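Chain IDs A, B and C follow the sequence of writing; residue 1 opens each chain.
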Amino acid sequence: MFKRFLALFLLACSATVWAQVKVVYHLSDGIPQASRAMANIRNHLNAEPGVKIVVVTHGAGIDFLLDGARTPSDQPFAGAVSELAGRGVEFRVCNNTLTSRNISPDKLLMESKVVPSGVAEVARLQAKEGFVYLRP
Amino acid sequence: MFKRFLALFLLACSATVWAQVKVVYHLSDGIPQASRAMANIRNHLNAEPGVKIVVVTHGAGIDFLLDGARTPSDQPFAGAVSELAGRGVEFRVCNNTLTSRNISPDKLLMESKVVPSGVAEVARLQAKEGFVYLRP
Amino acid sequence: MFKRFLALFLLACSATVWAQVKVVYHLSDGIPQASRAMANIRNHLNAEPGVKIVVVTHGAGIDFLLDGARTPSDQPFAGAVSELAGRGVEFRVCNNTLTSRNISPDKLLMESKVVPSGVAEVARLQAKEGFVYLRP
């Protein structure tokens, strides 16, 4: 009986040790931050191929996900976003931002998914889904 | 016996799922960041009315809590702070900052509460009280 | 039997309450952020002497750890880094940054330790070693 309990207890503990690392990248600062984030995420995936990364954007943080957005070195963001999405990265956009900035969801790159609130999503992923936080 | 244990174990697990989301907003960058934070927090509360939000400020992050502070669009911050406090948001100010900047606690909006160290408070809320982190 | 289980369960719970607070300071913004961080960390250690602090740097965040780096008030960073290292603070530097910026590890202050990826280290400390996050 006690052994059975102990096994379950150790299983619960080791779950933390073996569980997939899940990271929310929080972007709200605009194109330069987004550009750094693309490089950071590429390095992150190379260093730890099993990591799950969700990028949550609001405010000026959504700009790189708009059609035609270009990096500081004048490359389209679409290529990097598509490449990272192909490696399992998800991109979420705050609907409050779309509304307050009067931007149609049609203007977003197709890899984007709209969520009701960016900040609530950043908190929810941490509190309910075991994500850790990183602000590039 | 085992069932009793299992029940307690599942209870512990579900505690994570059902527990109130608690978020520390970390402000240390000055008026523009504080202004964005007021809008972020309003959206956060609207998206998730049950969320507990504590704003911890130090360095230039305390400026919006000083008497007479005004937003970039020249509105008094006092109104937004009072409104959010009425919705359960708490505002904490670093005493190290008050000392090093030689600011009397009398100068703070009445919704503010002084804590010994802003950074220690940001860490403590996460490590000891189950808060997640968000930097606007 | 049940008492034994309950004791173990309460032990696990209280582990959270009594465990050492561990904090990762995430630096990627350059000299002004690093300068603020040195003051923040000094205040943090004074407020809570038992806290474990690891500083993880990448991008422009590594600059203050380069030989000869000086603060905005033109003091050498080496003194503050050495003082904080003496109080148990660790300094980690992203190898991807060294490679992409073509900087030899020889140029780093001796208190620095190179890690493969700064962002992966920030996530790993949180997900696997119970650290909480703070971005100065």
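FYI, a contact is a pair of C-beta atoms (placed from the backbone, for glycine too) under 8 Å apart; a residue touches a chain by one contact, two chains touch by 3 or more.
Remember, it's a predicted structure, so these values are computed and weren't measured experimentally.
Asker: When subunit A meets its copy subunit C, do both sides use mostly the same residue numbers (more than half shared) or mostly different ones?
Answerer: different
Asker: Fitting the CA atoms of subunit A to subunit B, what rotation angle results, rounded to the nearest 5 degrees?
Answerer: It is a rotation of 120 degrees, to the nearest 5.
Asker: List the centre-to-centre spacing of subunit A and subunit C in whole Å, with centres computed as mean CA coordinates.
Answerer: That gives a centre separation of 23 Å.
Asker: What are the residues of subunit B that contact at least two other chains?
Answerer: 1, 5, 133, 135
Asker: In their complex, what parts of subunit A are in touch with subunit B?
Answerer: 1, 4-5, 8, 12, 26, 28, 58-59, 94, 96, 116-120, 122-124, 126-128, 133, 135
Asker: Under the stated contact criterion, what part of subunit B meets subunit A in this complex?
Answerer: Interface residues on subunit B, with respect to subunit A: 1-2, 5, 9, 16-17, 19, 21-23, 36, 40-41, 43-44, 46-48, 51, 132-136.
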